[in-house]
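Multiple structures are listed underneath, in structure tokens.
Each of the next two complexes has subunit A plus one more chain, namely subunit B in the first and subunit C in the second.
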Partner chain A sequence: MFHLELLTVGLIQGAMYAMMALGLTLIYGLLRILHIAHAALFTLGAYAGVLAANAGLGLLPAAIVAVAIGGIAGPLVYVAIYRPLLDKPPYVALIASIGLLIALEDGFRLVFGPYGLSFDNNPWFITGWMIGGIYLNAVQAAIAVTAILSIAAFTWFARRTRAGVAWRATVTDPAMARTFGVEPDRVRIMSFAIASMLAAVAGVLIGLLNNLVEPTMGSIIAYKGLAIIVLGGLGNVPGTLVAALLLGVAESFGQTYLDQVLDRDAIAFLVLIVVLMVRPQGLFGKAG
Partner chain B sequence: MLDVTNMSCGYGAVLAVDDVTFQVPDGQMVALLGPNGAGKTSTVMAIAGHVEMFSGSIALGGRDLAGTGPAGRTRAGIGLVPEGRRIFGDLTVAENLLVGSYTRSRAEARDAEADALALFPRLRERYDQRAGSLSGGEQQMLAMARALVSRPSTLLVDELSLGLMPAVVHQCFEALAALKERGVSCLVVEQNTEVALRYADWVCVLAASKLIHSGPAAEVRGNPGFVETLLGLSVDRAGA
Partner chain C sequence: MDAYILSLTIFVAINVALALSLNLISGFCGQISLGHAAFYGTGAYVSAILSVSGVPFAVSFVAGGIAAGILGFLVGLASLRVREDFLAITTMGVNFLFVGFVRKQGWLGGEIGITAIPKPMSDAGMATLAWILVAATAFLLVAIRRSWLGTGFTMIAQDEQAATSLGLNVGRFKLAAFVMGTAAAGMAGVIYAHVAQLIVPDAFGFVVSISILAMVVVGGIGSIFGVILGAVLLTLLPELARFANDYKLLIFGALMVAVMLISPGGLAGAFQRLRAR
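== the complex of A and B ==
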């Protein structure tokens, strides 16, 4: 029962990572940019959620506001920061991305204060159920449900819609997709919108889970997200989802059994280092 | 009618094609032959809008294509079957055709797809398979079908025969011949001179960025070695 509980908690954490890493891998697949500033959109979503909720909206409408803001802010980041750098070597965009993350984190600190904000009213935090001997609160349940729904929605979009197929074609061969009338810039804007909406909702959920929203809440997740997409085989969507879940579970078990030796956040990097020593192309990347 | 007039193109400071003039009349097949690195692919990709044109003009049906991007040229009636096929390997056959018809309305796309599948029934059998898992011949057929579903008036086909068995090559050329009957004209780049001469109406030969021959295919049909002869001659002339 104890192991089942660890597994459940790990999978829920992994589902959260999956929502973050999915966006990172989409953007990497399309632009070959490591979008570190993704974490700032996660934090932005969390602030939007907590401010909207504390202004009197219910949690669900507040989350929707946060997703909408993420969906606007992500494309703005692309248009303002990345698009002008597309012709430059990839490290230029990487540096810009790190700079943007730092600037936004400090922006949050200046505007909202360094100590963070809590939800005035967080019913999901205090509501919980015993399910099969495992205690889950409503935020954890919401993370699991949101992750499943958003990944299902994304899969439907990518497989079943014209825009989704065009997007996948653009990832494979942008010049050919463009020949047939798929506008690459529109595809990129769409990818940033989708990725940032996922990040924003993840931010709201983590804000609820910890009942705290603070300026640097995205930092660790940013670096873990990178570890996950490398493990998943850069740009590989299913690989990324599996790697996210594996990391969540590894952390949850590691935290229990390696508690004396390693801090939770170090486990991610231990896993990354070990996997890359054995399989430099990542768990699911193509060799060579 | 595709008109290429005094066209030079290339990559930055590299001149790949130098002052080339030829036409592809409606309902005709023109073969573009020449040794490796002559500038054949560059010519095709300049017509499709992917390689920068330095001077001259490219016009389709009397309309100048300068300033029109690749998608605009597809809308105007250019259909590209690029070197190396460049199908979307992670997408299914159906999805490749969907992308190919992106410039058309859904209804037009459905009709065009039915026509393309009638021309290449093999693709119907593979309809929901990953394109990357198809055989080389099937991939070439898919590349052609993907271009056809945009309803082009002129097809540009680069190195159709590369790596394919002779039977498949003939099947593909027969498809081009059938298209010609329907008024679709075609510019084919070929290493396989013999096959190209059998099907083409007109032959152009590029060597070292320049057009060194342009004439009816019937003149040279019995003589597949004519390109080598031509190259020998042109080298001699340059040396003299």
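== the complex of A and C ==
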């Protein structure tokens, strides 16, 4: 029973990682950029959510506000920071991205204070059910449902819509996509919007789960997200989702059984380094 | 000299040595490392443990450098397996693993760290030692740049595949860069531990790695003079402008973004362009 509970907690954590990592891998697939500042949009979403909710909106409208703000801020980051750096060596965008994350985190601290904000009214936090002997609160359920819905919506978008086909064509061969009338820049802006909306909703949900939104809530996820997309085989969407769930479970078991030796947040990197030494292309990456 | 100024010169020297040693790995040899603080921390922890148990400073100094170099060798081996983005993430992982491991080790003091590290000499002596380390590192970099080793590094940094097909033993060059760079960072860690006399895991976290990287890129990745300038400026900036101390990370982060957007060659690159005009 105890192990079942660890598994459930791990899978829910993994679902949250999946929402973050999906955006990261989208952007990597398209631009070959390790978008560390993705976590700043996660934190921005969480702040937007907590401020909107505390201003009197319900939780659902507040989440929608957060998603909208994420959807605007993400493309702005692309246009202001990444677009001018596309023809530079990859480390240039990486360093700019790290710089942006650090600056924005410090910005959140200066604007909203170092101790973070809580939801005045967080009914989901206190509502819960016993399911098969495991206690699950409404936020955890919401994370699982949101992750499944958003990943399903993304799959539908990529497979069935015109914009999705344009996106896949641009990932496979940007030059060829352009000759068929796809504007790569518009595809990139759209990808940043989608990825950032996912990050924002993940931020709101984690804010609800901990009932706390703080300036550095994204930093560990920023770096773990990178570990996940590398494990999944950079740019590989299904691989990334599996790696996210595996990591969530590995952490929840590791936290119980490895606590004497290793910090929880280091487990991701232990797994990462071990896997990379055996399979340098990641768990699900193509060889070569 | 005023004690504050003296300790400031020591910290400037430590940061210059760290930035120069990272420049050897990332600037000269093109291997972006996001985990330099792990090697800095290894030097600090190994030497602190030894000094606390009564080993003479000279021995712990050398041991700290060697231990960091050994860890650097292992990470260098990783750089033979994974490249570019994968390597950057791996080195970042090494840093998180280092902090996550040290934090849980009772014999390394856990969260509280190691206290009461004996000071081997006066502050003036430590300052001299720190600046000798800087001079030695800078000299090493200049010597490397002028040698066949430096030519090999440049080739690898510019095009690893081409270097391999020209018959260069790329692996050996990378390992050499990692071992030398990390050993120097370890020695900087030894000096830090014996000046501060107290070390905690967070002093060697990822943010520190990023600060070192910021010094390198603001100064100009690959340039010796630029990196020294970058390290001095970024260390003094929060000290000179007290108000800036509260905004330290905001300024570091914004500078990293601005430099990448305006002049990816950093200050050195900007000077060069001015002179070319």
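As a convention for this text, the second predicted complex is superposed on the first by the 288 of 288 C-alpha atoms of A that agree within 3 Å, B and C clash if a C-alpha of one lies under 4 Å from a C-alpha of the other, contacts with A are read in each partner's own complex, and residues count from 1 in each chain.
Keep in mind that, in the parts below, a residue touches a chain if its C-beta (ideal position, glycine included) is under 8 Å from a C-beta of that chain, and two chains touch if they have at least 3 such contacts.
Predicted, not measured: the structure shown is a model, and the values here were computed from it.
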Contacts of A:G113 with subunit B and subunit C, given as first, second, both or neither: neither
Which of subunit B and subunit C A:T172 touches, first, second, both or neither: first
Subunit A residues touched by each partner, larger count belonging to subunit B or subunit C: C
Subunit B versus subunit C as contact partner of A:P123, first or second or both or neither: neither
Subunit B versus subunit C as contact partner of A:I102, first or second or both or neither: second
First, second, both or neither for A:G56, with subunit B first and subunit C second: neither
Which of subunit B and subunit C A:D259 touches, first, second, both or neither: second
Contacts of A:R162 with subunit B and subunit C, given as first, second, both or neither: first
Touching both subunit B and subunit C, residues of subunit A: none
Touching residues (chain side subunit C, partner subunit A) in the complex: 26, 32, 34, 78, 81-82, 84-86, 88-90, 92-94, 96-97, 99-101, 103-104, 206-207, 210, 213-214, 217, 246-250, 252-257, 260-261, 264
Subunit A contact footprint on subunit B (complex, rising order): 48-50, 69-71, 73-75, 80, 82, 86, 88-91, 95-96, 98-103, 146, 150
Contact set on subunit A toward subunit C in their complex: 32, 34, 81, 84-85, 88-96, 98-107, 110, 223, 226-227, 230, 234, 259-270, 272-273, 276-277, 280
Residue ranges of subunit A touching subunit B (in the complex, touch as defined): 162, 165-166, 168-169, 171-173, 175-183
